[in-house]
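What follows is a set of structures to go through.
Note that subunit A is present in both complexes that follow, paired respectively with subunit B and with subunit C.
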Partner chain A sequence: MFTTLISAIAFGVVLASVIAIASMGFTIQFGLTNMLNLSYGGVMTASAFVAYLLVSHGVSAWYGLIVGGLAGSLMTLVLGRFVLRPYARRGAKLFEMMMVTLGLALVLDYGLQALSHDNIYQFTVLQSSPIHLGPIVITPTQVILAGLGLVVFVGLELLLRLTRIGKALRATAAEPTLARSCGIRTGRVVIVTWLLSGFLCGLAGVVYIINSQSVGYSTGELFLPLVIAAALLGGAGSPKGAVVSALLMGIVTQVVAAFGQPAYSTVAGFAVLVIVLLARPGVVAGSQGAEAQVTL
Partner chain B sequence: MGAWEFYITTLVVYFAIDVLSAFSLNLQFGFGGIINLSFIVFQAIGAYVAAAVTLGPDTGQNAFQTYIWGASLPFPLPLVLATVAGAALSLVVGLFGLRRMRKDYQAAVLLIVSLIAWEVAKSDVHLFNGSNGVTGIGRPLGTTLPLSSLGYQWVYVVWTLAICIAVYALVRWLSSSPWGRALRAMRDQEDATISLGINVTALRLQVFVIGGAIAGLSGGLLVEYIGAWSPGAWGYAETFVVFTAMFVGGIRNYKGVILGTLLVPIIFLELPRFLPPIGYPGLIDSVEWIVIGLMWMGSLYWRPQGLLPEKRNMVFPGEFGSVTGGGSKAGFSLASLLRKGQG
Partner chain C sequence: MVGILLACAIHRGVVLRSIRYKSIAAAGALSIMAAACGSSATSGSSGSSGASSGSPLVVAGVIAITGSSSFEGSNQSGGIYPAIYSINHAGGVLGHQLVYKGVDTRGDPADALPAVQQMLATTKNLVLVAGPGTASAPTIVPVLNAAKIPMTAVAGESSYDFNTLPYFWRLFPPDSANGTGMALWAHQKGYTRVATIFGTDSGSQGDLPGVLASVKALHMDLVSQINVTPDQPSYLSSVQQLMASHPQVIMTESDGTTAGTFFGELKQLGGLQPIIGTEATFTAPWLTAVKGALGSSFEQYYTGMITEPSKTTAAVSTFQTALKATKTQVSPPWQSYLSNPFSLTYYDGIITVALAMVAANSTSPSVFDSYISKVANPGAGKTVVYTYAQGVAALKAGKQIQYFGATGTIDFNKYHNSDGNQEAVGSTSSLNPVPLGVVTAKAIEAVPVVGVA
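Showing the complex of A and B:
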């Protein structure tokens, strides 16, 4: 009983690391642009497929992580500049922008379905024999993935707090008009945000398939609810909040999977969002959010 | 000729069911302003419930499928229960999903509901037989009516069209009633509507539940026709077909919605059946979805108001009585002339 709980929590931390990486990317993009980008899951899957192709051609999965991240950066930048920005220029509001990203998600997902021939591919790399840490049986890869989440979090926090571009990013997210009149080149900040959030998105895609050991066209779309839920819970633009809620959701999901029906594990993660919605409606109601503008 | 007749009648049944779905979403989204991205869930629950109460009790002898609430109820009851199930589920979802929050958050929450519900129905075999779904659902009165299968097709066409027209009359009446005007006021100016003393939370929940009931009804009609239902039939993307139909045809305009339904789910999704097979099996399906996504984005970019835009509510002097709900006694007025002139 106790052992099951402890190992469920350990697996929860590993899952949380995957959610957290994706959710940190989502939240800085969301914090800056104010728009819910539902094509995020599609970019995640596409980057995961890029890594899959590399690895199946004999490249090490560690390079796969980096290349997957770069692929995510590039795709997010291209989609942001050439697809989403024209809509924002036409005066689309937050809700219309979300609908556009939804259409984009459809195009990405089913494009990947067409390219992948609707198959699920095995991705069994970096698997090693499990080790025993007290009552926990875990593979070294999973430990590394959990560590990677921590590294990304610390790196992102340092970037946002200590560097000039990080400060510019936070300023633009808080007050785009004021930031621009203070001499911050907000156009560049938006580009950096696309690149940064895209990198985290791609990285999360690869980390996710290393953890789940398979990749299919709907991988990202089915994972996206957890990512969005963690970002909404944590508050827009807050990597710390994203990490805390990712930990909460990861652990709840795995504990429910260990003790109850696995089918309901995702539902339990979602239930966390619903409970917070009911208990603290202010989290998402956000009075200033009603007038928030799209920044692109 | 028989095969063609069969095909055409099938298309008409699908068309009527798709129009019902579009009416439901048009009421919720077009008039109520609720971006119900979990629409397909309410159609699915209607279909599952209608299936379970038609199939008979789950005795365990039919070991190939398991489901809950097994019963074999007589003809109109499965449809009634499907409607009730759609309404009940939308009440539950509405109670937490329709809280006052940013519209895009609300849409995201409803989309998450759709994905989660699908995941649960797919992985929990005990609910409705998991990913294999339920099959072998008998057609209503299929054994009692002395008809050939083609004759039955025509009966079903008339039956679905009759329901469709009844629902059309209902939604037309609802959207022009004082209730419908409050709904439009809430959509356009929520704060002003609250200041008029209208309870917008209750109003939003009401329109969500009515839409859910229509969605459940359409699901029941569909499953009684095709005889099977599984998670493959209601992925989250199916909701977007209905939305695309609305965007293309014209949101808030019932004729536009019907036109969009004819164009998108019927003509666009049915025509590729006549294409010679290209690539591997399933490629055409994927490409269809890609084009649906592109149509969606294109109509948002070039023509957000749709092919037939909403008619603005205009009040003509002679018509004041009917607008305020009193009903104009004068059968002939300048306003009615003007209206006829507009076509």
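Showing the complex of A and C:
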């Protein structure tokens, strides 16, 4: 019983690292723009396919992480600047913007489905013997992914807290009008946010397929509800909150899978979200409340 | 819909202000996503009586073309296009060419019903439905039967074992037969400790009751029964749960993505055991995903249980020739359908129905439906034909025919079911089956399976 619990927690941490990277990117974008970007999953998948193409041509999967991240940055920037911003400048409200991103998500999904011929592609980067840490049996790849999640979190926290651009980003997220009047070039901040969240989105896509060992057109779409749930639970714009939420959801799902029926593990993960929102609706930290506007 | 209403309410400022805007918008978005993912994309056309002279006859493929079960549509394309090609190449049916119309069920009854209703309302000269599959059949079959449209279903539900609907035809064994075949094969190999890993989606669950009942009937121990939610990023706890039960063999069905992740993690944690997959695992996405995850271990560990493919006959070579001729139309890779049991079944279904129309000298389903078993079943004095062209020639010569299909003998019983033997197979690198042994229909019938609906 104890061994199973410890193992489940360890597996939960691995799963959390995958969710957390994606959630951190999502929450930064959400926190700054106030816009729920439903095309995030599609960008994740597209970035994962870019990494897959590289790896299938002999490039190391670890370079694939970087390139996948850069691909995510580029795609997010292009979509943000040339699709989303024009809508926002024509006065589209949050709901309309969300519908635009839903449309983009469907375009990306069905486009990827056509391009991938609806096939599933294998993505195995490291086949090695598992590591035995007491009762925990885990693979080197999973250890690396958990470590990567930690590195990304620490790096992001440092960036947001210690650098000028990080402070500008936080200021714009908190009060865009005041930030602008204080001389912060919020337009540039938005671009940096697209690039940063896009990089994390692409990185998460590659991390996801390294962990799941396969990529298909619906990879990101199916993963997105977990990502959004973790971002909401942690509070918009809070990487720390996203990580804690990802840990909670990852561990809950794995413990339920270990002690109950795995079919209910994902249900349990979302149940956490529902229970927390019911008990403490204010935990979702929308900074501007009902008057929030799109910042693009 | 709920999401849209919720978001509209927010937009008008009438929602409780105490709940933060972003969370509501996000919840609405999640609902919208679910609704959007569940929406159907269909094309349509219907009507069923005799077609006017020379007008094309429609064969509708009612199957999952998109979504997580879209491999069903791919398999179907590998049978429908070659069949239509063969028939049209031989002059068509009573002066009519056949055309294909795809109707997307997305593997979900909720999407399938409106798609089929639209098809029936808007399709002229509809003579046959290829499909539906397991997930959508309970919803769709009564509708098609009421519309008097013959269907060559690949529905695995055992409830159709005693079907009484006149327009329902199944050239495919029920899921329970496949499950019994898997259990019999494991039994023959001397395995006594069985674990099952099945996806929670309705398509994957179809074979599970047959597997469980057969394992019990054969007095093997079910040491672990795990159902997994498809397409999760990790199944590590489930993998460990499986390993802790120390099975000797794993029986499975799920979509390819799920299987690739699950078995990849099982291998990484050192828990791999022989795998016996249902017929649905012998498809390109599943094989590709699991082969990639297991690497060189795949051939050692994997056995698929499929409907016994026909041995080399003119029917098979004609199918393969037609498949090559239509390789740009079918979902790639076309080679994966050369021995695909689903593709072969769809092919045979269409050829059989086309021959029934010729035999009945009518394109009206209510007329030719009763000829379907007459042109397929064996019988004394019948001329055995292997291709549509041979069948037409024999019928024109006034002979009674037995169409011996690419899947082998087709022999419909009074419930419109044609079950065949099961065969255990491995897989080549080009996804073709490597025969390992046959489990006969007689042996399957002899297993006292009870409690399978």
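Everything below uses one rule, namely that the second predicted complex is superposed on the first by the 291 of 296 C-alpha atoms of A that agree within 3 Å, B and C clash if a C-alpha of one lies under 4 Å from a C-alpha of the other, contacts with A are read in each partner's own complex, and residues count from 1 in each chain.
Definition applied: a contact is a pair of C-beta atoms (placed from the backbone, for glycine too) under 8 Å apart; a residue touches a chain by one contact, two chains touch by 3 or more.
From a predicted model like this one, the values you see are computed outputs, not experimental measurements.
Peer 1: Overlaying the two complexes on subunit A, which is it for subunit B and subunit C: clash or fit?
Peer 2: Verdict on subunit A: clash between subunit B and subunit C.
Peer 1: Check the residue A:Arg90 against both partner chains and state whether it touches subunit B (first), subunit C (second), both, or neither.
Peer 2: first
Peer 1: On the superposed three-chain arrangement, identify whether subunit B or subunit C touches more subunit A residues.
Peer 2: Of subunit B and subunit C, C contacts more residues of subunit A.
Peer 1: Please indicate which partner A:Gly111 is in contact with in the superposed arrangement: first for subunit B, second for subunit C, both, or neither.
Peer 2: It touches subunit B, and subunit C stays clear.
Peer 1: Look at A:Pro262 in the shared chain and tell me whether it touches subunit B only, subunit C only, both, or neither; answer first, second, both or neither.
Peer 2: Both partners, subunit B and subunit C.
Peer 1: Return first, second, both or neither, reflecting whether A:Leu102 touches subunit B, subunit C, both chains, or no partner chain.
Peer 2: In the superposed model, A:Leu102 contacts both subunit B and subunit C.
Peer 1: Which partner chains sit in contact with A:Ser7 here, subunit B, subunit C, both or neither? Use first/second/both/neither.
Peer 2: Touch partner of A:Ser7: subunit C, not subunit B.
Peer 1: Please work out whether A:Tyr121 is in contact with subunit B alone, subunit C alone, both, or neither, and reply first, second, both or neither.
Peer 2: A:Tyr121: touches subunit C, not subunit B.
Peer 1: Which holds for A:Thr139: it touches subunit B only (first), subunit C only (second), both, or neither?
Peer 2: In the superposed model, A:Thr139 contacts subunit C only, not subunit B.
Peer 1: Who does A:Leu15 touch here: subunit B (first), subunit C (second), both, or neither?
Peer 2: second
Peer 1: Can you check which stretch of subunit B gets into subunit C in the overlay, out of 5-13, 77-85, 257-265 or 329-337?
Peer 2: It is 5-13.
Peer 1: Common interface residues of subunit A with subunit B and subunit C?
Peer 2: On subunit A, the overlap between the subunit B and subunit C contacts is residues 36, 38, 94-95, 98-99, 102, 105-106, 110, 113, 117-118, 221-222, 224-225, 228, 232, 261-263, 266, 277, 281, 284-286, 289-290, 292.
Peer 1: Which residues of subunit A touch subunit C in the complex?
Peer 2: 4, 7-8, 11-12, 14-15, 18-19, 30, 34, 36, 38, 93-95, 98-99, 102, 105-106, 110, 113, 117-124, 127, 129-130, 137, 139, 141-142, 208, 211-214, 216, 218-219, 221-226, 228, 232, 236, 253-255, 257-258, 261-263, 265-266, 277, 281-282, 284-286, 288-292
Peer 1: Please output the residues of subunit A touching subunit B within their complex, sorted ascending.
Peer 2: 35-36, 38, 83, 86-87, 90, 92, 94-100, 102-107, 109-111, 113-114, 117-118, 221-222, 224-225, 228-229, 232, 261-264, 266-267, 270, 273-274, 277-278, 281, 284-286, 289-290, 292
Peer 1: Hey, which residues of subunit C end up touching subunit A in the complex?
Peer 2: 7-8, 10-11, 13, 15, 17-23, 25-26, 28-30, 32-33, 36-37, 66, 68, 70-71, 74, 200, 226-238, 240-241, 244, 256-257, 260-261, 264-265, 267-270, 284-285, 288-289, 291-293, 295, 331-332
Peer 1: Touching subunit A in the complex: which residues of subunit B?
Peer 2: 35, 37, 96, 99-105, 107-109, 111-112, 115-116, 119-120, 123-124, 236-237, 240, 280, 282-283, 286-287, 289-290, 292-294, 296-297, 300-301, 304
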